[in-house]
Amino acid sequence: MAGIIGYGAYIPRNRIKVEEIAKIWGADAPSYKRGLGLEEKAVPGPDQDTITLSVEAARKAIARAGINPKEIGAVYVGSESHPYAVKPSGTILAEAIGATPEVHSASFEFACKAGTEAMFVCLCQVESGRIKYGLAVGADTSQGAPGDALEYSAAAGAAAFIFGRENVIAEVDETYAFMTDTPDFWRREHQHYPRHAGRFTGEPAYFKHVLGAAQGIMDKVRMTPKDFTYVVFHQPNGKFPLNAGKRLGFAKDQIETGRLVPKLGNTYSGSSPMGLTAVLDISKPGDKILMVSYGSGAGSDAFIFTVTGRIREVQDKATRTRDMLDNRKVYLDYGTYAKYRGKILKAE
Amino acid sequence: MANPARYWREIPQRYRMEAGKCTKCGRVFFPPRLVCPGCGSRTFEGVRLQDEGSLLTYTVIRVGPSQFADQTPFAVGIVELDGGVRITCQVVDCEIDKLAIGQRVRLEFRRIQKQGDAGILCYGHKCVPC
Amino acid sequence: MRDVAILGVGLNKKWGELWSMSLRDIYVEAALDALDDAGVDHIDSMYVGCMTGGMFVDQEHLGCLMADYLGTNPVPATRVESACSSGGAALRQGFIEVASGISDLVLVGGVEKMTDVSGDEATHALSAASDMEYEAYQGITFPGLYALMARAHMHRYGTTRAQLAHVAVKNHRHGAMNPVAQYPFAVTLEEVLESVLVADPLRILDCSPITDGAAAVILCPLEAARKFAKKPLVKILASAQASSTIALHSRDDMTWLESTAKAAAIAYRMAGKGPGDLQVAEVHDCFTIAEIMVLEALGIVERGRGGEAAASGMTALGGKIPVNTSGGLKSKGHPVGATGVAQAVEIATQLRGLAGPRQVPGARIGLTQNMGGTGGSSVVHIFEAV
């Protein structure tokens, strides 16, 4: 059975707190923290982008998979902040990990679920037998417009997964997609910042698709929430995943391990994938994991994984996600954050 | 500075730290060479550099060259990677006032330069404190 | 091999930001000054030391350009490039051409026009003296490279920040007496130590400036010169050059200027002299730390003791061996290709007894040391009053 044979994540070391952003725009920090369920977010350095984060996450995945990168047959990066509009992030990633030249690549985009799209396609290629290993990365360094609600949560991070048929650590039992045309959040070509439709991004968007995909996949395999050890939802803020989980009938402690957003922020295409890496870091053989992503526009991908006996051998082969989340953080002031994110620029 | 062909040619070194080891005297060169300045031999085998090392010396650039003008202040050092090869690279994710000679560092993949808003992006490695 | 003499020396009127003078103007002004000083009206060959007419003013084919504008066609004219030691390397080529008997009157000029580009662009052009793909690519600058050397030297030998500053103070004190200098004024130790940081630990007053300027000398065989020289002659006792790695990270010892030490050894042997015989020297103080390291590499002081020497007064006018009486690169300025030739102009002036308030009394033996990049190339000349 095909599944994940290696995984890795990367979180930049910089953070900015909600208070620091609120101070600049005259917002009430405590109410933002309560409303968003979030305290701080990860900020990429001025020399970090979706590609650099992908490389670091992928190197960890390769270390856990223990494979020769030359045998990777496809490298896909899903992001809404690809550094090039034309030239796939995967070309640089594949070159950096030594997978070239016999390798497929393309950039994936579906707002925050581009990463899970990449995972789905790699899985299918492996299951079909066309490729031996596939590398799928969900990574983003997305921006929120200054003073906008999204500025508090738009963060940076990456998660990488290698799919294969041998030495699997998490078998893929089932997949499911639920997608409609729902214009809740978008970015037009040549625009720097995305736009969103306010409260419309809730019920008709996030909740409809996440709940639709979760219920859809559970119905397909005739499972219920109590059959799962963990569930990982897309995490645009601290509250939505808790709300979704509650409505579906999951308990909070099934959700918490994979819910990184209060200290990480929303890593967009990295969001549920990074949550999955945090779960894999501490999972045990036999654990069942449900992962449901969400991408605005809109759609959700659902995966059901069963953790295998091999998980224990690989967890410590690279830095664990919560270790990167909790340790060696550097807090930035708003000015440094604005400089790093290119919101303020020197004149040419 | 970031002409595509000139940049692309060095990718094996910039992305994968590929070096050359003289098959006669064993010295390792980064980037690889055509002739060994030590023993004059012309045959080499490909080797990869280690990704950890020690900081031999460092400075903080406060007046930067044009491509780096918006990154100042930033630290640059000479790192002796485990295995003996020395490289010049930036030191990032660190408190630039608290670097020390002998400090252990590790290489990370980063974007080194951008050629303006429309030119190519140039990648490579910088080091971070271990 | 014939003995070679300096028959005449020249500089353009003033070094600094010369808005109304172009690259060719500056070179020609210095060359005419040297030709007048030598009392000759023709030459057999000429050299142009210049680091990069291309990156500063998009001009190459400099031998041809300068010969044309100096009116010396059809004599051969050759551009010599060795980064910041272009001038010294040009001098060596001119010396070889006369010593070998190929030519009798050779003009060696050095020039750089640096102010037609912005500060950022100038920094970029200067960085071409380093390994572009493996040093400059990473964001290091020239002050940065010398800062790496300074920190290593301070760590290993205990050289202090104040000792570095003493070099700048001394060179400015000398330069204040040099009417051609870009910054002919004194600076205090406090001013140096409080000046803005450029690349820790180096501050702006540790760094030589961006300068437009030129220098020139006329070389001829010594024996023939004795017959018609109008001014005291200066003999070139030694002309030596040595190479080291281009990248600082490739050096065996980052705190030691191997190319200077090697070139000096050859020069001392050629001249039959040692560091103890030197009475005046012009060395490459592109940054204060450089002068300190050069004193060690020349054998004037023991390895590691350059900082103490700089602070002791030993290398100031009035001291045991005055270094950089012209003001050095720091106060006089550093039009890159001109520096190596200007050093020879100053030493010749000293050995002729014509240095006025900067004169080292009774100086008969002098040395110039010119260096490219972080020490990837060094040129050392030794001169004797005739």
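Residue numbering begins at 1 within each chain, and the chains themselves are lettered A, B and C in the order written.
Assume a residue touches a chain if its C-beta (ideal position, glycine included) is under 8 Å from a C-beta of that chain, and two chains touch if they have at least 3 such contacts.
Quantities reported herein were computed from a predicted structural model and do not represent experimental measurements.
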Classify the chain contact graph as line, ring, star, complete or other. line
Geometric centre: closest chain by C-alpha means: B
If you average the Cα atoms of chain B and of chain C to get two centres, how far apart are those centres in Å? 31
Where the CA atoms of chain A average out and where those of chain C average out, how many Å apart are those spots? 58
Residues of chain B that contact two or more other chains, please. 69, 71, 90, 112, 126
Multi-partner residues of chain C (each touching 2 or more other chains): none
Give the list of chain B residues in touch with chain A in this complex. 11, 15-16, 69-71, 90, 92-93, 108-112, 121, 123, 126, 128
Chain A residues touching chain B in their complex are 12-14, 45-49, 51-52, 55-56, 59, 83-84, 92, 95-96, 98, 330, 339, 345-346
Considering the complex alone, what residue numbers of chain B touch chain C? 1, 6, 10, 13, 30-31, 56-69, 71, 74, 76-78, 86-90, 101, 112-113, 122, 124, 126
Touching chain B in the complex, chain C uses residues 118-121, 123-124, 127, 132-141, 143-144, 147-152, 155, 196-202, 247-250, 254
